Amino acid sequence: MSKKHIFPILLAICAALYPVLSDDRYIMNILIMILLYATIASGWNILGGYGGQLSLGHALFFGLGAYTSTLLYLNFGLSPWVGMIIAVIVCIIAGMLIGIPTFKLRGPYFTLGTIAFAEVIRHVTLYWRDLTNGSMGLNIKYEPSFAAMIFKEYEYYYWLILGLLVLTTLLVHWIDRNKMGYYLKAIREDEDAAETLGINTSKYKMLAMMISTGITGLAGVFYAQFNLFFEPESVFHMNISTEIALIAIIGGAGTVYGPILGAFIIIPLNEILRASFPDIHGMNYFVYGILLIVIVILTPNGLLPIITKWWDKIFRKKVSKTKGVTKYDLESQ
Amino acid sequence: MMILQTLISGILLGGIYALISMGLNMILGVVRIINFAHGEFLMIAMYLSYIFYAWGGMDPYVSAIFIVIILFVLGLITQKGLIEPILDKPASTKIFATLGLSIVLQNLALMIFDANYLSVTTPYQSSVVNLLGIAISVPRLVSFGVVIAIVILLYLFLQKTMVGRAIRAVSMQRQAAYLVGVNVKRIYLLAFGIGTALVGLAGSMLMPIYSVYPTLGASFVLIAFVVVVLGGMGNMFGAFYGGLMIGVIESLAGVIFSPGLKEVIYFIIFILVLLIKPTGIFSKGKGSEAVGL
Amino acid sequence: MILKVNNVSKHFQGVKAVNGTSFHVEEKEIVGVIGPNGAGKTTLFNLISGSLPVTSGTIEFKGETITNQKAYILCKKGIGRTYQVVKPFGTISVLENVMVGAFNKHNSRDQAAKISKEILKQVGLYEKRDQIGNSLTLADKKRLEVAKALATQPALLLLDEVMAGLNPSEVKEILPLILQLRDEGITIVIIEHLMEVVMTICDRIVVVHHGEKIAEGTPKEIANHPEVIKAYLGDEVSYA
């Protein structure tokens, strides 16, 4: 274990200890949302950040996860712990099925394709009332028990989602350090060149899709259990897809910790803006939109690379042993 | 008769979709950017139309002239101020810049007008002409006539004028166009302006038929995405046919299946087209895979 | 015989970019492919490396028919190539660029890094290993192309104008590298416009014009071949 890992590990330990120190429900609620979005954005990051396939349809898998486990629970009494596994499998299969046509598309057209799929599912869910209860949404009865994955104490939700985030981060870290990470980045930069270097680009894109959608589905199950109520608009809406991608991009797409940083910025930002302008309808999102534009333009590669650079400057003195433009210099321009 | 009636109203509705989508496609094909704020420009045009009507007593068809000009200028400002600086930034920056713009505009409208539905009342609003037993709404017929006129004008502009040819050249081969001395940046500017002017006109045509509200753009922009894919990316006239097609599908689906399913049906068609012919059904050229962001 | 191209054609909507070309390459040979601009040389490479499907004809590699196999499969089988229009992975470091290639034969990251560093030293990019791909000069990007292809450990290496844009002293640096690669057992097919380069390092030369092979032979034979002289002079291109 190298020095580099100490910081994130310490951070994770502190995070795990947090509920012992404070039981402010409001803060805890926000923290849970941050960790939830950090998890989904990390999942998105594998496909969108590393693989460069900018999906704006990930809400589909978030909702699919939520609906799968909840419908299994409501109709067959299946424990969400089992439902979670099934939801992940369903999302992985859905990811594959969607990947087959959409991976034929490149650039903006891939993005449009993913939006279309998510919209289809949103509308089908709204329409198919017998199964999904349509726009009324699904309600899980509040009967706390471990088997039902419903907890009275927020701490348990907190630890659960923290655990999911840690596992996801470990997975992304592994990808980042191994062949797959290199291959995905190569595909992101130039698919033809990647192919001639021996990369089965279809296979790796599909793999990234499957991992990414699996994680997103898992997060969807958590969301259902935490909220105990959801409807098509609250899980399938395009705004969720864009929020997921945005968090990863603002933090630093294609980096291990970028999406986590992004979640710690965007979710509280939303919260602060909402609290700051309670009177004028729309003011908070108006400011949010402006900030979004400014941040995305000023830091096209996200904030993490810039922070890393500062960190290196302060603590390591030398950014790089070699002369010329380094990776970080360009990323921060 | 019922089907024929539906068909006709579908085609008329499709004309408006066509107008919106041609604007989107112009921007997509030339500037190579998905303008997620395109629907918001439609919304702005409709609010403007409402203002002209409510404050100046001006009929939407009359104020259309001003609105087209205003929207053209808004397009120029957007291209100059937002898009041009990020042309060589990563794809994600472009996507989120226009998405951000759409959020800003939507909520600006919410702040000014609140979430109410606003509409205008015109004398011809519910007039109908009878053609061989088929009732046709007058404002829809008018809007369709305008669409046809615009399609013809646009065709002549793109085929016959120097500027029009330059626009086509940039959309097909921007590197080559640049090398033969086309001022690519100015063409982008113009294309964006034309794109928003078209959607401005669509807004004016919609006002006598629809109500306007802050999130109106969101549903229309999704339809426009579908139309653009159907018609072929960057293919202006494909977008025209695609628009008509979606209009017809939407109307037929409403009658044959259920109005709640119409979106499902056209999104499924969208996906099928992506699967079978990603370049769009009406396109002969390169299309989707060939055009990077 | 490591490579055999049999009567291969590639047509693009009427343009006969490659038209019934046949040639072969022996193991450890350096074969030059020359011809005027638009002769179809790059297209030929695209067909051999699997980047484009052929219109007709067959290609054999190490005795096996490989026509129209996917590029990544051919890379695994031992065909490496560079792109004339360079394709660096722009936002990742030079070292990472090369490591992508090295993963073709090695799964371990450390192993891939080790091999990549050696290759970077060989092509003279070691000092720039932490720079990102886009920040390199054109000459260095060409070197990077070679390094990436080499990292896949090919048996057959297709070099497409890797010296175009290099100044004479840079060309002098890269020539020994090519000869050294041959000594290491790599067979090389090289497209090059610089005649003196082709004449000095190639064992054999294939001349293409309008998609067709018009001559083949040793550098000496080619230099005096009437068809070749006509092709070049006829196109009013001054290469020699």
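Letters A, B and C mark the chains in the order given here, with residues in each chain numbered from 1 onward.
In this section, contacts are C-beta pairs under 8 Å (C-beta built on N, C-alpha and C of every residue); 3 or more make two chains touch, one makes a residue touch a chain.
Since the model is a prediction, treat every value here as computed from it, not as a measurement.
Visitor: Quick check on this structure: which chain has its C-alpha centroid closest to the centroid of all protein C-alpha atoms?
Guide: Chain nearest the overall C-alpha centroid, as shown: A.
Visitor: Measuring centre to centre, with centres taken as mean CA positions, what chain is farthest from subunit A?
Guide: Measuring from the centre of subunit A, the most distant chain centre belongs to C.
Visitor: Roughly how many whole angstrom separate the Cα centroids of subunit A and subunit C?
Guide: So the centre of subunit A lies 42 Å away from the centre of subunit C.
Visitor: Report the inter-centroid distance (CA atoms only) between subunit A and subunit B in whole Å.
Guide: Once rounded, the distance between the two centres reads 32 Å.
Visitor: I'd like the Å distance between the centres of subunit B and subunit C, where a centre is the mean of that chain's Cα atoms.
Guide: Once rounded, the distance between the two centres reads 47 Å.
Visitor: Please list all residues of subunit A that touch 2 or more other chains.
Guide: 301
Visitor: Considering only the defined contacts, which subunit B positions touch subunit A in the complex?
Guide: On the subunit B side, the touching residues are 28, 32-34, 82, 85-86, 89-93, 95-97, 99-104, 106-111, 114-115, 214, 218, 222, 225-226, 228-229, 233, 258, 260-261, 263-264, 267-268, 270-271, 274-275, 278, 288-289, 291-293.
Visitor: Can you list the subunit A residues touching subunit B in their complex?
Guide: 48, 54, 56, 101-102, 104-109, 111-113, 115-117, 119-120, 123-124, 126-127, 238, 242, 245-246, 249, 253, 280-283, 285-286, 288-290, 292-293, 296-297, 300-301
Visitor: Mind listing the subunit A positions that touch subunit C in their complex?
Guide: For this pair, the touching residues of subunit A are 177-179, 182-183, 185-186, 189-190, 192-201, 301, 320-327, 330-331.
Visitor: Which stretch or stretches of subunit C touch subunit A in the complex?
Guide: Within the complex, subunit C touches subunit A at residues 49-51, 70-72, 75-76, 80-81, 83, 87-93, 96, 99-101, 103-104, 107, 109, 112, 127-135, 148-149, 151-152.
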